[in-house]
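In the two complexes that follow, chain A is the common piece, with chain B as its partner first and chain C second.
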Partner chain A sequence: MSDTPNIGFVRHEPIPPSAPPIQQAGVVKWIRENLFSNWINSILTILSIYFVAKIILASTPWMWNGVWTTSSLRECREVLQGTSGACWSVLVERWNQMLFGFKYPVEAYWRPTLTFGLLLVCIAPILFQKLPRNMLMFSAIYPFLAFWLIWGGTLLTPVVVALSLIAGYLAFVKMERLTGFATGLLTGVVAVALVLYLGSFVTAALPEFIALEPVASRDMGGFMLNLILGTVCVSLSIPLGVVLALGRQSNMPIIKGICVVFIEFIRGVPLITLLFVANVVLSYFFPPGTNLDLILRVIIMITLFSAAYIAEVIRGGLAALPRGQYEAADSLGLDYPQAMRLIILPQALKISIPGIVNVAVGLFKDTTLVSVISMFDLVGMIRGPISSSTAWTGIYWELYLLAILLFFVVCYGISQYSQWLERQLRTDHH
Partner chain B sequence: MSSTTQTGASKFSLSMLINDTRYRSTTFQVIALIGLIFAMGYLVSNLLSNLSDAGLNISWRFFGETAGYDINQMPIEYNNQMSHGRASMVGAVNTLIVAFLACVSATILGVIAGVLRLSNNWVVSKLMAIYVEAFRNVPVLIWILIIFLVMSNVLPQPREFRGDAATSSMWLDMVAFTNRGVYIPRLVLEDLGWVVLTTFGLSIIGVFVFRRYAKNLLFNTGRLIPTFLPSISILLVPTVLVYFVLGSPIGLENPELKGFNFKGGLHLRLSLIALWFALAIYTGAFIAENVRAGIQAISYGQTEAAAALGMRPGRIMSLIILPQALRVIVPPLISQYLNITKNSSLAIAVGYMDITGTLGGITLNQTGRAIECILILMLFYLVISLSISAIMNVYNNAMKLKER
Partner chain C sequence: MSEAQMKVSDEIAISIENMNKWYGTFHVLRDINLDVQRGERIVICGPSGSGKSTLIRCINALEEHQQGSITVDGTLLSSDVKNIDKVRSEVGMCFQHFNLFPHLTILENCTLAPIWVRKIPKKEAEETAMHFLEKVKIPEQADKYPGQLSGGQQQRVAIARSLCMKPRIMLFDEPTSALDPEMIKEVLDTMIELAEDGMTMLCVTHEMGFARQVANRVIFMDAGQIVEQNEPEEFFNNPQSDRTKLFLSQILGH
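Moving on to the complex of A and B:
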């Protein structure tokens, strides 16, 4: 190059590439490739845009013109004078009822609010492994705290239950060292029962010790009830599900048979029939004279229901573990409880977490079914007291939009978490 | 452990029941069995004493007694003088009707949405993603109630169809959308109508025979004959001929406005439509995800290999991708059908008289026989679920990848 004589008509550098034709670059290219690549695509695009535009054009003025400050549907219509507009004031007026039901004492609303705020703190370290591990201490205390905050009564009740569980655990650890898993478990159960029995005298003697105003279960309602049923039933059903899954995987025919029959029976019937059982049949099976609250009976049945589904998820996790893990545990000389607790279950549960989360989302949606047996959860509140009140009869979109929004936020959040977790847990290389 | 174990197989001591692996599982099972028997016995004794306290007993006689209530949708003969058993059967048929309708439409909707979500058209795939996420994450009960409420509030009343200044009119003079339901024409079979139907059935079989013949010809001789037009003509020509030769033995009965309501035709109640649409749209979102996962599970190499063999895109889809994707799609699809059948019990929320509404609702309330009613109700759903799972197992075994 250097010895090229400097001639005026010879170029020294290549011509810069000319810009691609406008159809092949930028926004136009993107639109051509993604929206109008062929005639079917073009039709689909135009149809979808028309469809979306139509919905937006119809709903925006309705939402925007909404009235927020009236006290009945009739007043809303007077204010709107026939123009399209939502009557959001029903949400303003009935907001507390939709969240807490219509019987929960108004001055105690801070208690469930605080409880569900703390719920986030409680589940954060379980959901995200990166958070400091000593936050798990709070997660362990939380169930007792939540019980005390929502149901009220003396603080001693949850404290006694917590103490009994600690005592049971200590007894279990001691006895397991000495004699083995089965006797250890038995001792633990006896210790729990003993402490509960002794504690009942203490709570009976001091009913006013750091007491909150007690609230009966039947006074719970609104979205709070959905959240309570969802969290309580899912957390109770995971241990039960583990036991059922292990039973179904075991090679003892009788135990396997019991678990298979239970799981398949529960999975074969709709939740509504189980709720009917809770509503009208279940009390026949308790000893005469017991009078369990409807909400407790419903919790029992929903827990059994979700335990069957969770058991199937965990069974999938157990089956997905390579055979070598079981054999390795055996060759280390671990007995069955040790192998399960130290080798198998930690891995199987890790694989099953996304599936369990899916069951939890489904279950949370299914808690709306309790409105069919006349409990006033969010849907029950909307269908019952709010829609049938004289001021708001005939209103439906505004109320159900709020219900859709509340459920969507929770369920979509959880399912996004489960997808994130699946990506985190993926150990193969893509 | 101590070193004294395994000194010989001779002596049996009681501690071997728990410490010896030969006996341990038997011990545990016997304990479990005894525990189960005791638990059952406890529950049953509670039940019996509770029942005797309440002055009740277990009896199935109420199934033969007069029901005394009306059912608004009667696919089989029923009136309120018939028995509770008959009413339950009407409910069962209604459950099956709505479940079948919802299964068919959910499948169509789900397949379309699942395929479109994979489309390279940005607007369409995003729209489908919104559809799937919006419907999957909200309880189906809310969708059922919304569809029901919107239809009963937005659709015109039957009286608005009346008179000269009617504000609403029927669609093509055949279909009327009212807030009491949708009225559509009904097929009326005259004497020779069954001949036409039989011809049509035979034509369907004929199409399958022809397609099998064409396939065998292709595989044996390599000759490809056109199948589309011949199939259509085999399907339609004989039926149409027979229909006109016999003088139109199948007619349509259009709904007509008489007095304050429509008479004639087929009346689809709002409760049926709300339940059907809600179940279809809700489950369709789940099916869309299954379809998407199934198609994505087939590696792109399959498409490329087929293209390298010189196949056209349509044939690649129908001969290479779909058969493999179906193996992934069908098992979750069938469990979605199960979910539809179970969710159809939500009919009770909008007053559709399925088996939960008749047997688990009115019959239960009238007779007060909760245990018997709910037991039969559960058995009904259980039988359906178990038979669908049995079919699924047969299918899975037939479709399983057969490796070595």
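Moving on to the complex of A and C:
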């Protein structure tokens, strides 16, 4: 007892708060700590500087010396006379083809351009929660407007489609409240079909009503085609992916089986084979005489492809939710569609955002694969009409640099947005 | 408590007959027979793994039973989804981990089921919700999210959320065992108030003070069976089976 130290302690004077110690700062200190902290680090730093410098030194004069005003590669070479320099004139002369394809009517270029500009307006309220909510009205109208602007024809076509969807939605809401999800859905589908059928007479009777010059699908091309395929397929494959993910969790063996087989099959084959299927085989599945155009077939295939991946991402999100959420929803008497729509999916989708964005970026880049089934998207234009023209054969770097730049800007934008969104959601409720 | 005890009527709220349940080959609930009168307040206790949660989860069909029958408010629980939904909308349940919906505000948590299941207009549902939030003494938190509330507050919201459905029976599965001691009291006070209003309650809990104060009956379960049941005073002061004695000595011993 006597040799244990006295451990009793009472503080009589509180310790006043003090300022944190001053951090040593300065460029030299940072460099020493981060770039030359040990000898391996130092060697790596020197090597990296060497390679970066070499690339910059080699490419700068080439870009800087570039020729902008010639009309063929041969003229470029004459102007440059053996010195290193880019032949930018190909971009000056062919930029419109790279953006719009080589058959889209020049006097209608403003239409896809406007559509793209409006796309930014349409996405803005979906992406940025702080913008006024009634801007979402425009987002709802946008798909129909975009279709009309790009494909042309009478304004009545998209209006009829929009009306049919509104009718279907109203019918669904009314019936769902009264009789439940399944009958609601059925009524909705019937309403859509009915309005479409009636509307087809109207559009057939008035083909010139507020009409733009129609452009056929096969005339779409260039980066515009990549953007069309990317946005349409992403926005279609998310809802389809949700359905597949829920189907895969279903208790009903047939539905579950179909979803599993579908997802596993799609994930097991390369996209390019599906595109070939779209190109040649798919038309056998439709009744003879229906001439489903190639873009539509390709959209179907790419959508199915990415839906399978998105379904798996969402399945991960569903699995991450605690079982208590399902039980709480059940114990309150919510039925399955309500529980999914109101409780489970909003949370599961929030968790799945990084994965979905990842698939979306990959999908957007994969749209360049359509060039192998002789569609003239950006890469298709470069490989086909532009490099095989007599004036520009043999030119690669300049064209692909532009393609890389375009894709990079879009994909980097998407990735930045998703990171921003994650930060938003993380701080949201805590 | 005698005044509250008088509210118990002869009307049967829940009737469980010869009910058996298995998880695979594991016999969790064995030959359960239990009648609950309207207005009765029952506390269920027993060692971990004895099947308490499973029993009360069978009552609102969160778990399926394989043999025997459960009748809630005159509705026989079978595999018929209509009956299950009916029972669930009459029976409120509070969980150990609250299970609030983290993406909805407190108010939205409370109005969701009345709006979608009972088809009550939004405005009316919000008024009801505020009424019950006042009852559990947190109306000022209505616009916050569950993650911003303490555990005790969350559990009280969970109780209010169930009450908004105007249930005739409330089930509680260890509502206080995930809470810090100082929060347990606020939740128990809420439950006591509920009991005094005459709610039919089945409560799995080890809060013996609560059991003495509000229960009409304490049920002791072990190994999937009801081993003993009695009025609280008798149950605590004069337990009959050895298993009960051992259990009581363990939880009251320290």
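In this text, the second predicted complex is superposed on the first by the 401 of 430 C-alpha atoms of A that agree within 3 Å, B and C clash if a C-alpha of one lies under 4 Å from a C-alpha of the other, contacts with A are read in each partner's own complex, and residues count from 1 in each chain.
Note that a residue touches a chain if its C-beta (ideal position, glycine included) is under 8 Å from a C-beta of that chain, and two chains touch if they have at least 3 such contacts.
Here the structure is a predicted model, which is why all the values come from computation and not from measurement.
Novice: What's your read, chain B or chain C touching more residues of chain A?
Specialist: Of the two chains, more chain A residues are contacted by B.
Novice: One more residue to check, A:Gln338. First (chain B), second (chain C), both or neither?
Specialist: After superposition on chain A, A:Gln338 lies in contact with chain C alone.
Novice: Could you look at A:Gln325 and tell me whether it touches chain B, chain C, both or neither (first, second, both, neither)?
Specialist: After superposition on chain A, A:Gln325 lies in contact with chain C alone.
Novice: Look at A:Phe265 in the shared chain and tell me whether it touches chain B only, chain C only, both, or neither; answer first, second, both or neither.
Specialist: first
Novice: Could you say whether A:Ser237 touches chain B, chain C, both of them, or neither, answering first, second, both or neither?
Specialist: In the superposition, A:Ser237 contacts neither chain B nor chain C.
Novice: Using the superposition on chain A described above, determine whether A:Thr203 touches chain B (first), chain C (second), both, or neither.
Specialist: neither
Novice: Does chain B (first) or chain C (second) touch A:Arg177, or do both, or does neither?
Specialist: second
Novice: If we overlay the two complexes on their shared chain A, which of chain B and chain C does A:Gln347 touch? Say first, second, both or neither.
Specialist: second
Novice: Give one of first, second, both or neither to describe whether A:Asn34 is in contact with chain B, with chain C, with both, or with none.
Specialist: Only chain B is touched by A:Asn34; chain C is not.
Novice: For chain A, what residues appear in both contact lists, the one with chain B and the one with chain C?
Specialist: none
Novice: For chain A, which residues count as touching chain C in their complex?
Specialist: Spelled out, the residues of chain A in touch with chain C are 177, 322, 324-325, 327-328, 330-335, 338, 342-343, 346-347, 350, 428-430.
Novice: Show which residues of chain C lie in contact with chain A when the two form their complex.
Specialist: So the residues of chain C touching chain A come out as 60, 62, 85, 88-89, 91-93, 95, 97, 99-103, 112-113, 116-117, 119, 145-148, 161-162, 165.
Novice: Given the complex with chain B, which residues does chain A contribute to the contact?
Specialist: Going through chain A, the ones touching chain B are 33-35, 37, 41, 44-45, 48-49, 51-52, 182, 251-255, 258, 264-265, 267-273, 276-277, 280-281, 283-288, 361, 365-366, 368-369, 371-372, 379, 383, 394, 396-397, 400, 403-404, 407-408, 411-412, 415.
Novice: Okay, in this complex, where on chain B does chain A touch?
Specialist: Going through chain B, the ones touching chain A are 18, 25, 28-29, 32-33, 36, 43, 46-47, 49-51, 53, 116, 119-124, 127, 133-134, 136-142, 145-146, 149-150, 153, 342-343, 345-346, 348-349, 356, 360, 364, 370-371, 374, 377-378, 381-382, 385-386.
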